[in-house]
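There are two complexes below, and they share chain A, which is joined by chain B in the first and by chain C in the second.
Showing the complex of A and B:
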C-alpha cells in the first residue's frame, strides 16, 4: 500500500511539474507558429512605418517606437523617485515604521491596472490637455507618466530590499570613520547594492513593457510616429495597446492577425530576456551576502 | 599650514552641504510619493463611496452599465478567480514539492527557477492572446468563462509554486531524515511531515495569486467575458460578466457621467476584493510566522 501511494505521489508531483514546464513551451510555440505567416509573407515589410491592414501594409515600427518612448518616460520618472524613496525608507526612516510602509507599498502594487487606466482617463489626460493646451490629452506623455506611477512600487520595494541586504556592519564601520550619512550611502552601501538595484530596474522595465490596460486607455491609439520623435505630446500606440485594441477585430488566420501575434512574440522574447538578466543580477548578489 | 586648514574647512562645509542636499532630495522624493499615494487612494475611495449603495451592489446592470448595479459582474469575477484557484492550486503544490524534494542537481534547480520567473514575467496580454489562439480558435471553445479561468490559473501558477516551495523547502532537513529513518516512504514523509508544514505557504501564495487574478483585464477580455446582457453562465462554454472588463467598457464611454460614476463604484468594489484577498494572505503569513 505504501509502495503504491509512493508511486502515485511521485507521478502526481512529476505530472504537475511537467504541466507547469509544458505551459511555457506551449505559449512560445503557439506564438511562433501563429506569427510565421507574417514573417514569411510580410518579411522585411514588418519593419516599415506604415500600418494599414486594408492595403496590406503591416509596418510595426510605430508600435515599437511607442513602446520604447512610453517605457523610457516611465523609467525616467520611476527610477530616481523610487531609488531616493527607497533610500529614505531603508536608511533614514526608523525601523519600526518599516512594516506599515511595506504594507502600503503592497497595497499600491495591488491596484489593478484597469483602475490606473480609469484614473488616467478621468484626471491625467485632462490635466495634460489643459496644461499643454492640446486637442486631446491622450498622448504618449500621459501614458508614460501613468506607467511611471504604476511601476513606482516595484522600484521602491526591490531597491529597499537591495539596501536592506547590505549587512549593517558596513554602515557601522563607515559611520565609525566619521562619514556623513550621504557619504556612507554613496561610498559603501550603493556600490554593494548596485547589482541588486540594476536587477530591480530591469524587472520594473519588464513590467512597464508588458503593461496593457492603463496604457491602452490613455495613449490615444494612433499608429504613427510623431513628426519629431521627441514630441511626446502626440498620441501614439504601444505593442500592448495595439494588441488590446485590435486583436479581437482581426480575423484568426489572416496576415493581419499573424502580424499582431508577431508583435506579441517580440514583446514576449524581450520581456523574458530582461527577466533573465534581472535574475542574474539579483541572484549574484544574493549568493554573495547570504 | 594655514592654507591647508582653510581647505579642510571648505571641505568640511562642502560635505555638510552635500549631506543636506542629499537628505533633502530623499525627503522631497518621499513627499512626492506620499502625494501620489494619497491622490490615488483618495480618488478611488472618494469617488467610489459616493457611487455605491446597497442597490448598486445587489442589482443587475442596465443601459450598457450606465444604470443599475454590478451584481453579475461581482459574481462573474468571483467565479472566474475561484475556479482558477481550484485548477491552479493542486498543480502548483505538486510542482513545488517536485522542485523542493525531487530535483537534486543544482543545474536543474536553476532551470526550474528560471521557468518560474519566466512564467511570472510574461505580460498578461500575452496570456490573453495565447488563450485566444489556443483555446478559443484552435480548440474551438469560443468565448468561455472556463477558458478564462484556465488562463488565470496559468497566470497565478508561479506565485503559488514559489510561495509553496519556499515554505516546504524551509522545513529542516533533520525532519526529513528522522521520518525516513522511522521507515516512512518518501511520499509518506512528504504527506505526513512536509505538507502540514508547507500548506500555509501554499495557501498564502494562492491568496496573493487570487488578489492579482481578480484585477486582471487583459488576459480575459478577448476570451472569457461579454459586456451586456450576460447573467450567470449555464455551461462551461458561455461568457461571463466581470468587474475589470465592466470598468473598461464604462471607462471607454467616459464622457457619459453616469457611466463614469458606475465605473468608480465598480472600481471601489474591485479594490475591496483585492484588499480582502491580500489581507487574508498577510494574516496567514503573520500567523505562520508566530508558530
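Showing the complex of A and C:
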C-alpha cells in the first residue's frame, strides 16, 4: 500500500510540476506565433519611433522607453526606502512591535492596483501638477512614484525576511567584538543577507514591469519619447498601458493586433531574462553560515 | 466538514439557478452611446422581466470588434465602420441602425472660457492639434500654454472630430500632449487642467467643461446646442448607431424596437442627444 501511495504521490507531484512548466511554454509559443505576423511584416520597423496603425507604422520604442523609465524611477524610490525600513523593523524595532508593523506594511501590498490608480489620478497627479507647475500631472514621474509606492511592500517584506534569516549568533559575535549597532548591521548582517536582498529587488522589479492599471491611468498615454530622455515630467506610455488601452480595439488577426502581442512578447522576454539573471546570481550566493 | 459540504452545495445550486434563470443580451462599445443604452436597458429590464440586458463600455472600436468576434449581441458605435474592420470579419453581416444624433464639440477648461475665449474657427483648432499654436495668447486668450488632449485612435468621437477639423479621420496630431480614452476620462483631464482643449460628445458638456462656439468660414458663429445639432448647422455632427450581426431577431429586436419607439427616443433626448424620430 505504502509503495503504491508513494508512487501515486510522486506522479501527482510530477504532473503538477509539468503542468506549470507547460503553461510557461504554452504562453511563450502562443506569443511567438501571434506576433509572427508583426515580425515578418513590420520587421525592423518595429524598433522605430512612430506609432500610427492607420498608416501601418508600428514603432514600439516609445513604449519600451516608457517601461524602462517608469520601472527605474520606481526602483530608485522603493529600494532604498524599502531596505532602510526593513533594517528598522528587523534590527531596531523590538520584536513585539515588529509583527504588527510588518502586517500593516503588508496591507499595502494587498490594495488592488485600480485603487492606487484612482488615488493617483484624483489626487496625486494634481499634486505633481501643482508642485512642478506643469500643464498636466499625468507624467512618467507620476507613474514612477506611484509604482514605487506599490512595490515598496514587496521590498520591505522580503528584505525583512532576509535579515531575519541571518542567525543571531552573527549579531552576538559582532556585538561581542565591541562593534556599534550600525557597524553590526553594515559590516556583518547586510553582507550576509545581500543575495536575498537582491532577490527581493528583482521580484519587485518584475512586479513594476508588469503593473498595468495604475500606470495606465496616470501616465498620459502618449506614444512619444520626451525631447530629453531624462525629462520625466512629460507624459509617456509603457508597454502595459499601451496593451491595456489598445488591445481590445485592434481586430484579431490584424498586424496591429500582432504588434500588440509582440510587445507582450518583449515584456515576457524581459521578465524571463530577469528571472534567469536572478537565479544565476542567487546560486552563487556564499552564505557563510551554511 | 459537513457544513462545508452543505455550503458548497448551496453555492453550486445558487450558481446554476442564476445561470438558468434568465436569457441575457450583452451590449458593449462606444461610451458616447452608452448613456442612452444603459438608461434604456434600465427601463426595459423593469418592464420585461424575462430577460436581462448587460451593458459594457470600451469605445466604438471595441463594440465593432467584439460583435465581429461574436462576444456580444449588440455593438454601440458613434462612427462609421472602417473598411478594414468589415474585411476582418467576413462571416459577420454588420447591420447598422441609427438611434440618435450627436455633435462632437471642441471643449476648453472653464478658466479659458471664462477669460473670454469662447469662439474658435476649425482652422485654429486644427493648428492647435498640429502643434502650430502652443499658447492661448496667440488666439486672444490668457498667457498660458495649451494642454492639447487627444483621444485613442479608434474612438468614434475622434474619427468624427478629426475628419471635420483635420480632414482625415485618422489624422496624426503632433501637437497632442495627452491621449485619453473614454468621454469620462477626457472630461476629467480637462476639468483637472486650467488650460486644456479637447473633444467631447455634446452630452458631456458641463459647468467645468465648456463647449466652444465654432466660427465658420463665412463668419457665422454657431454655438453647440440641440437646435443647431438637429437642423445640421453645427459642423461636427454624427449619427449614433447600434450594430447587430444580420437582421435582429427575438429579444434583440424587441430592445431595438423599444429604442426607436417614442419612449426610447425620449431617453435619447434626456441623455443630451437629438432624437431621430
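One rule holds for everything that comes next: the second predicted complex is superposed on the first by the 254 of 290 C-alpha atoms of A that agree within 3 Å, B and C clash if a C-alpha of one lies under 4 Å from a C-alpha of the other, contacts with A are read in each partner's own complex, and residues count from 1 in each chain.
Rule of thumb we're sticking to: a contact is a pair of C-beta atoms (placed from the backbone, for glycine too) under 8 Å apart; a residue touches a chain by one contact, two chains touch by 3 or more.
Note that the structure is a prediction, hence the values are computed from the model and not measured.
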Quick check for you: in the superposed arrangement, does A:222 touch first (chain B), second (chain C), both or neither? second
Could you look at A:187 and tell me whether it touches chain B, chain C, both or neither (first, second, both, neither)? neither
Now for A:40: first (chain B), second (chain C), both, or neither, which partner does it touch? neither
Partner chain(s) touched by A:252 [first = chain B, second = chain C, both, neither]: both
Chain A residues touched - chain C or chain B, whichever exceeds: B
Taking the superposition as given, does A:85 touch the first partner, chain B, the second, chain C, both, or neither? first
For A:121, select first, second, both or neither according to whether it touches chain B, chain C, the two together, or no partner. both
After superposition on the shared chain, which partner residues are touched by A:243: those of chain B (first), chain C (second), both, or neither? first
Which partner does A:9 contact after superposing on A: first (chain B), second (chain C), both, neither? first
Do chain B and chain C touch any of the same residues on chain A, and if so, which? 121, 248, 252-253
Across the complex, what residues on chain C touch chain A? 58-59, 61-62, 64-66, 68-69, 84-85, 88-89, 145, 147, 150, 152-154, 170, 172, 176-181, 188-189, 192-193, 195-196
Report the residues of chain B in contact with chain A in the complex, numbered from low to high. 15-16, 18-19, 21-23, 25-30, 32-33, 36-37, 40-41, 43-44, 90-95, 97-99, 101-102, 112-130, 132-134, 137-138, 154, 157, 161, 185-188, 190-191, 211-212, 214-218, 221-222, 244, 247-248, 251-252, 254, 260, 263-264, 267, 270-271, 274-275, 278, 282
Could you pull out which chain A residues touch chain C in their complex? 52-55, 121, 125-126, 129, 135-138, 220-223, 235, 245-246, 248-254
Touching residues of chain A toward chain B in the complex: what are they? 2-3, 5-6, 8-10, 12-17, 19-21, 23-24, 26-27, 30-31, 34, 80-81, 84-85, 87-89, 92, 103-104, 106-108, 110-115, 117-119, 121-123, 149, 152, 156, 180-183, 185-186, 203, 206, 209-213, 217, 240, 243-244, 247-248, 252-253, 260-261, 264, 267-268, 271-272, 274-276, 279
